[in-house]
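Each remark here refers to the structure printed beneath this line.
Just so it is clear, A, B, C and D label the chains in written order, and each chain counts residues from 1 on its own.
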């Protein structure tokens, strides 16, 4: 009781909760779920973009894309590490992911169909992720907040690169412009869904806000994203596929239509265009890698037992020949 | 100058094609750390490829394939608008990626060799090549170290991993001899102090490989080198059958939209 | 006429893409007889594809992609110079080939459906389409029969084969519903007596599948249909990720040499 | 003794030996080896050309190529059936092939590098095969001779198609003409090797000729092939890569250079550019198909035991809807 009050006072004072601090069990569980889901999203998110690495149409774009997907693996690592400070382990979280017992962001259950999708994911999907994540840099749990600071910095870099790719494509051939518009048409609504269901349907928001895990409601963040994106779309020369979208001078915000929430719930429940494919891919990679992880562990045990140092090949090479 | 450009294409193609294969691992590696590491290595090689191909275009604009639209930079003209027969990489790097042990085996052989080569190229008579080599040294040392450590882990891990590592080495070893076979261009440029005669790298590479294999408790495979086709191999543009599929995947978007800008 | 051409493209793309996947079996089948049989089926479908795509070009020259050089015949212009988003095949046929059981499962579903469709198309208002359908009947009956027999052999063979067959059906079944979903073009042309409303084929196809599954001692899989993307699927050119790789391989040579004659 | 004389008389009289006839054990063994090798060659030969089916640059060429490779599987089937009349079985021969204990034609140990290779294989490789095989249509063993009659008919069809593809390509772009010349350069010498080593190095020729298995020596057939091919190359507009090649009016034949016989022996012994790949491919296909063959056999046994008829799905389909 006393602990709980002190915890809430710390949070209210905008101070960080650290791993060794007492925390309510529900807070811990909420964080584990949220951080794990976030980590899983980074890892599953490697697939839709990774789909274009081998086919990227210029070497510069290939390098940018490969570096970006690599960053996503890195983000997954930070986030799993943050989750581990809460007493869970990565192997266990990974098992829950591949068995479908923990979620990842639904956005990655849509297919990437052209190279323009790479740009649009950078612009809209990373853009939406940043709106979601910037407030998390000040979230109450210290390790999570620190991970988010690093991640956000890299994400805005990715977003700029995505936007720059689209700008370049819009200056290209008519086919390229059509490709960009097509990708925008397919990704716009799923991007809006990334902020979660409308506030009246969002069950955990209030408590998460009290705990300063969350700082804005889903609808607030969605509005912010739309307001931010509309001028970017204009500058780019694409049309956002929402006939209800218009500036509302009274509100000082854009009005906009609602995504298909039935589709949203179906995809969340596992019934999206790529859920099965994404999970099967992750499961296969995990299973195919099992023997390698076992070998590394076995070798580490042997080395620990014999006190042998790790291999170092420096010897004759430099001097020789 | 045609020789120097051809040599830059050889070095560039080795790196480009291997980077392409390594990037296939992305989201498929046995653990996240390895996704990061293999992507890093692929990125390093891709960077080396871009510098070498750009240098080739600078030195001799005639290396640009006729099929490349004028607005495409040299590096992309060479990567995306050449046909298979014009690629000059050794055949080792174009093979299907295989399992993790095979990839590690390939990376071990390739990076031992390329590091030895780049050490010598730092004193190349072509200052740009020398600079590319100097920049690549640290990268390649990391690649070699990474491959060597995994070779030891897998060779001295479980029974199963040992078998896989042995099988991976068996599959890659036939491609080793080609790395030491000089193409006439290499021979001429080595004479002129611009390139390295790859044959001279054999002792250094053998020595490092022996060290790594010894640490891993593995024997040097006893397999015959993969023959050339009437004396012609990768450096002459005579590749193996996986190469065509690699290029189809790599070039398809660029070839489908030749007038596009990316 | 635009509708009729679009419809011919749909029918042609189904056959073309499935033929491409089936031809991947060539030299990989479990026995020589099966190499022959699968190649035969692929050839039949390829023939159907060529007729349908040619008909599409005849009916409405506007279906020719702008990127196709003028000297290329319509069938090749459509097969080799369209981008993925312009292909109109159902998503079932573009999936990776999988193992033999999965291929048989796919062939079973596809040929049951296409045979039912072609039976009805023999009375199409378009005489060419009716002739293509009439010619295809015997071929498709053979395909269906072949798939059905293998389904029974594998379902009622060994424990292992039964498991594989079950898994194959599980993987293919999510793509079944799309076959019965009418695109607006199909709906309009069905109204006009030229096409068939694919929804009306469901009972016939279900009945045949039930017979085959019963003979094989297998249950109808209980798996959800693969969703469309905001209502759009293969018939709208919204495909799955394997499609891009299939096209890269299929189109690479043709796209690399647009001015060539073959 | 008596049997052996009668056998030789039959052969000398140009009559066929049939499976039920008595034959010398060495004759049987020679035939099994030769027919098996021939069958294996058809099957392995599917790979280099099959390599281009999915990439054929026109639908017409794709259909032609697929049909051709299918024919090769069919030829394999005829030939294994002919071998089986000599008391061996296909499964056993296949095992010997994948274990590297029986050979196949060395020509298939070279890679196919461009689509022009498809044409050149049709023209030169099938052309050489036909020179070898036409005399086999009159070979002394009946089932083999009959198989060869069917095969030769299809092979000459393939050869014409290959030549026609090259003709078309030579009328195309400069790149296409270069592609054809390059393919000719790579396949010419291996094609000459298809007739086997020079007569003085060929050990079995004499006995095979006495048994009327063979009717011409390797060098005779090679000469015939060269004489036949030179005018075709001229018509095509390609150069055969042999500086010694010229018409010799005294002999009434073309003089020509010798292939690299060291290379020939290396490739025969397993050390060619694609030996390992071809065998690994065949072995993988064979092993991956094992469960299917077992299932088919198990099902056939069950059906035989219960007397159930094979499935027939004719029912409601035609009438329905």
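Simple rule for what comes next: a contact is a pair of C-beta atoms (placed from the backbone, for glycine too) under 8 Å apart; a residue touches a chain by one contact, two chains touch by 3 or more.
What you see is a predicted model; the values in this text were computed from it and never measured.
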Inset, instruction - Compare the CA centroid of chain B with every other chain's and tell me the farthest one. - result: C
Legend entry - Of A-C and C-D, whichever chain pair has more C-beta contact pairs: C-D
Legend entry - Chain centre separation in whole Å, for chain C relative to chain B (CA means): 40
Legend entry - Distance between chain centroids, defined by C-alpha means - chain A, chain C (Å): 37
Inset, instruction - Go ahead and note the Å separation of the Cα centroids belonging to chain C and chain D. - result: 33
Inset, instruction - Could you grab the centroid distance between chain A and chain D? Build each centroid from C-alpha atoms only and quote it in angstrom. - result: 56
Inset, instruction - Can you tell me which residues of chain D touch two or more of the remaining chains? - result: 55, 175
Inset, instruction - Mind pulling the residue numbers of chain C that touch at least two other chains? - result: 83, 248-249, 252-253
Legend entry - Chain-level touch network, classified as line, ring, star, complete or other: other
Inset, instruction - Could you please write down every pair of chains that are in touch? - result: A-B, A-C, B-C, B-D, C-D
Legend entry - chain A-facing residues of chain B, complex: 16, 20, 23-24, 26-36, 39-40, 42-43, 46-47, 49-50, 53, 73, 75-76, 79-80, 99-100, 115-116, 119-120, 144-145, 148-149, 152-154, 156-158, 160-161, 164, 200-201, 203-204, 207-208, 211-212, 215, 249-250, 252-254, 257, 259-262
Inset, instruction - Show which residues of chain B lie in contact with chain D when the two form their complex. - result: 83-85, 174, 224, 226-230, 238-241, 244, 248
Legend entry - Contact set on chain A toward chain B in their complex: 43, 46-47, 50, 53-63, 66-67, 69-70, 73-74, 76-77, 80, 115, 165, 168-169, 171-173, 175-176, 281, 285, 288-296, 298-299, 302, 310-311, 313, 315-318, 320-321
Legend entry - chain C contact footprint on chain A (complex, rising order): 51, 55, 110-114, 175, 182, 186, 189, 260, 263, 266-267, 271-274, 276-277
Inset, instruction - Report the residues of chain C in contact with chain B in the complex, numbered from low to high. - result: 67, 83, 245, 247-249, 251-253, 255-256
